[in-house]
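Structures given as structure tokens follow.
Two complexes follow with chain A in common, the first pairing it with chain B and the second with chain C.
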Partner chain A sequence: MIYIISLVLVYSIAAVGLDILMGYSGQVCFGQAGFVAVGAYTTAFLVKNGFSYWVSLPIGGIVAALTGLMIGLPAIRIRGHYLALATMSFAYIIHLILVHWESVTGGPRGLIAARPSWPFSFEKDKYFYFVIIFIVIPLFIVARNIVKSKYGRAFLAIQKDEIVSKSMGINLTIYKTLAFIVCSFYAGVAGGLYGPLIGFLDPLSFTILDSALYIMMIVLGGRGTLVGAFIGAAFFAILPEVLREAKKWQELAFGLTFICFLIFMPNGVMGFIRRYQVSFVEKIREMEFLRHYFEEK
Partner chain B sequence: MHLPSTHEEGSGNGFLQVRNLSICFGGLKALNKVNFSVTEGQIFSIIGPNGAGKTTALNVITRLYEPDDGEIVFREEELLKVRADQIIGKRISRTFQNVGLFPGLTTLENVMVGLHSSGGAGFFSSALKLKASREEEAWKRIQAMEALKLVNLEDQASEVATDLPFGQQKLVGLARALVSKPLLLILDEPASGLSPLEVGQLMDLIRRLRDEKGTTILLVEHDMRVVMGISNRIAVLNFGEKIAEGNPGEIRNNPLVVEAYLGEEEETGQAC
Partner chain C sequence: MLRLAQLIVDGTVLGGTYAICALGMVVIFKATDVINIAQGELVMMAAFFGFTFRVYFGWSFTPSFLLAIGFIIFLSLAIERLALRPLIKAPIWTNIITTMAVLIILQAAARLIWGPEPYAFPPYLSRMPLNIAGIRLTHQDVAILGTSIIYMILLFLFFKYARIGKGMRAVQMDKEAASLMGISVRKMYSYVWMLNAILVGTIGILLAPRLGVYSTMGLLFIKGFVVAVMGGFTSLAGSIVGGFLLGVVETLAGFYISSTMKDIVSFIILILILIVKPTGLFAESVTKRV
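Showing the complex of A and B:
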């Protein structure tokens, strides 16, 4: 159980990053698993070579952020489907590097990702769960601060209207790249937590399908809401456990539920809740209006 | 005696000068050697039939379009060396024909985007909600409320801007342009889509901006009541060329202008 909650939190932090990029700045990214992989392998590699986990984890995040900068800077010139394809190719390149750069990544055999042993051993899931909580909650608060600040407004403005945004003094190059950096940093930290949680890194955990999964998480939870990313992550971490018995139906169930969500809740769970809230508030207002109306009569 | 260049266009005092501005779109001259000069503290209108190049001129001045030729000088600074996102820093702001409010943001937040480049709280300060960013946000909120008060929309501050009626959306767009306290305010068809009552209020507001705040206004508008009612000076464009310039009385009686609006439609623009 603790393991599942940990997994939800780790997924959600990568999904929150992706939500800032896709839900707020409006750039499509099919390469989130690539950024997660960069963070995960950097952290694991450094730990293997004698660095402390507490140093390796932020370095993993920063290296992922630098990768994000490298992808984001040229990506400002393309958008929509082309950006989706470009980021997908990036994820594919990362996957190939993981498989073939055996001296660093261990190739198909993978890489051991050890849990921290300082100040005490975190071998028990229960203890590592607190590490995850300790890192995920501040990151979530920071993400919230970002989207509520002028940076969040600028991201949304860019998504809605680039021309008007420019006239408002928003430098598209800087802000689009910044969104990529934030997104990939979150992915990198998620990767640095994912490795030790699972204990082992394998190139097969970082395929394009995994990238698509992160997109499905934020679409299902509701784009541009942050909380939606968390809901989506919970859904996609718990569903495989629920369907453990029916392994061969798992992917079919994934696909079907996703299609159902797209049809019945196109704005995700959060969009659905908000719409419901609005109609509820409108009903109350309407009732109050009618009450006043009849009282006056 | 050699006159300084700022007096070349007669009425101008060198506040905003547009010289020989030309731009082509796929073989069509959208603007052809257009000259005009806006005097500080005045309302300068650009009029002309559809497709005359009015909005194009505004887009070139705010650097959204790159002209093929010409010069734009604002307060003795060459504007063509400035990027579109730096224009607001030169204290020029504008509204858009199709309003261009950001859906999903409240009215207040939309206006706050107009203050984007004011205030220097950095990314980390905002991400960690440090004092500098909190103070900046509080200041922006007050400024935005004041701008909304100017257009009488302070009660709608917390509503989603794109849910408002169209007339109010236009006013939110105006507030978003006003919030940065521009020296030059560029309005692209502010009266289109407004009710006659709202048009009257808009005219009062634009006059007040000029008379009380000393804002210089560059206006593109189709509604002749507005243009003739509030402009100090009017330039008429037709097929990308300036065919007349003068005060409202002169323009009203100019045969070329009358012909452009009512006359022949044989011309289809000049090839580049």
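Showing the complex of A and C:
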């Protein structure tokens, strides 16, 4: 149980990062699993070579962010479909590197990711859970602050209309790249936590389908609402456990739910809640208006 | 020298299938603004249907081929009708995610029906290789290359002379104007998917003896994108040239550098083209400077 909650939190870090990129700055990224893989493998590789986990984790995040910069900087020229294809092929290249660069990544045999043993051993799931909590909360607060600050508003402006935001003095190059860096940093940290949580990394957990999974999380939860990322992450971490008996049907269920969500609830769970919130508030207003009306009479 | 020629010919055979795959993608994209990520999965389904009829039921080539194509057409129409038509008015990126979900569903369905293990597909034609001026080619390869080229020619004739082909071109240019001229845009959407189904279905069944049949074989055809991007996702001629080019480059890289590079090279080409010249190698520039 505690393991599943940890998994939800780890997924949601990557999903929150992706939400800043896709939900706020409006760029499409089909390569989130690639960034997660970069963070996860960097962290695990450094730990294997004698570095402390607490140093390796931020380095993993930074290396992932640098990769994000590498992709994001050229990607400012392209948008929409083309950006989706470029990020997707990036994720594919990362996957191929993981499979073939055996001296570092262990290839298809995988890489063991050890849990930290300082200041005390985190071998038990419930201890490692606190490590995750300790990292998730600040990251979420930072994400919320980014979104509420001038950066978040600039991202939203870019999503609405690039030409207008440029003429309002928003530097597109800087802001779009920044969104990519934030997104990939979050993904890298999520990867650094994912490895030790599972205990083992192998290239099959970082395919293009996993990138799609992160997109599904934020679409399902509601794009552009950070809380939605948590809802989506929870859904996709818990569903496999629920469907454990019917493992064969799992992917089919994923795909079908997702298409249904896109068609019937395109704004996700949070969008659904918000719509009813609004109509509820409006109803109360109407009632007050009526009361006024009657009192005047 | 002979080895180089052999590699180039091998690459051309491979490239023909990439080109057909990309042509289907481009035709769909131009008419409906959908990038069909599930293209490779349609190829996979075609191979599996062909396998079922040919090996499981033991039918001869022609009926199993035609019936498999029929099933793929039916499947494509179902995808278009059930998954994509409700999203016509949705933002552009949702299309790409929807086809991604379709990809997951088709792969999972194939695994449910036929299981995860690969199957061998008996060749249609004799196994004896032909020897043309020192270059060895199997009958199968000749059939694949010939079919790809015939399809390309037919496609051009279709768009130039056939009524439906002209209608598709009109829809690609301007949907409103086309519908004012009495062309049913919705019907054209279905026709475009049918056309694509015929293209990828044929490729799937022809390639099945060469590749074997398994549930993740669709991933091989992700290279159709690279080719489509080479043509800027709009140019049919660009996709054909790009397809042959990629097939040859890939085969050469696989032989002279390393077999690992075979896959990586195509994605590096894709990223480079997208970054340097997103409109494709053969198209005129239409980007908006901001």
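Methods note: the second predicted complex is superposed on the first by the 297 of 297 C-alpha atoms of A that agree within 3 Å, B and C clash if a C-alpha of one lies under 4 Å from a C-alpha of the other, contacts with A are read in each partner's own complex, and residues count from 1 in each chain.
What we mean here is this: contacts are C-beta pairs under 8 Å (C-beta built on N, C-alpha and C of every residue); 3 or more make two chains touch, one makes a residue touch a chain.
For clarity, every value in this text was computed on a predicted model and none was experimentally measured.
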When chain B and chain C are modelled together on chain A, clash or fit: fit
Touching partner for A:A157 - first (chain B), second (chain C), both, neither: first
Which superposed partner A:I5 touches (first chain B, second chain C, both, neither): neither
Chain B versus chain C as contact partner of A:V142, first or second or both or neither: first
Of chain C and chain B, partner touching more chain A residues: C
Contacts of A:L252 with chain B and chain C, given as first, second, both or neither: second
Chain B versus chain C as contact partner of A:K166, first or second or both or neither: both
Chain B versus chain C as contact partner of A:L96, first or second or both or neither: second
Chain A as apex of chain B and chain C, Cα-centre angle in degrees (nearest 10): 90
Partner chain in contact with A:V28 - chain B first, chain C second, else both or neither: second
Shortest CA-CA distance between chain B and chain C [superposed frame, angstrom]: 7
On chain A, positions contacted by chain B and by chain C: 163, 166, 172
Contact footprint of chain C on chain A as seen in their complex: 28, 30, 74-75, 77-78, 80-82, 84-86, 89-90, 92-93, 96-97, 100, 162-163, 166, 172, 209, 212, 215-216, 219, 248-252, 254-256, 258-259, 262-263, 266
Chain C residues within the chain A interface of the complex: 29, 35, 82-83, 86-87, 90, 92-94, 96-98, 100-105, 107-109, 111-112, 222, 225-226, 229, 233, 260, 263-264, 267-268, 270-271, 274-275, 278, 287, 290
Residues of chain A touching chain B in the complex: 142, 145-146, 149-151, 153-154, 156-157, 160-161, 163-172, 178, 224
Chain A partner contacts - residues on chain B that touch it in the complex: 62, 64, 83-89, 93-94, 96, 100, 102-105, 109, 112-114, 116-117, 119, 121, 123, 126-129, 133, 136-137, 140, 176
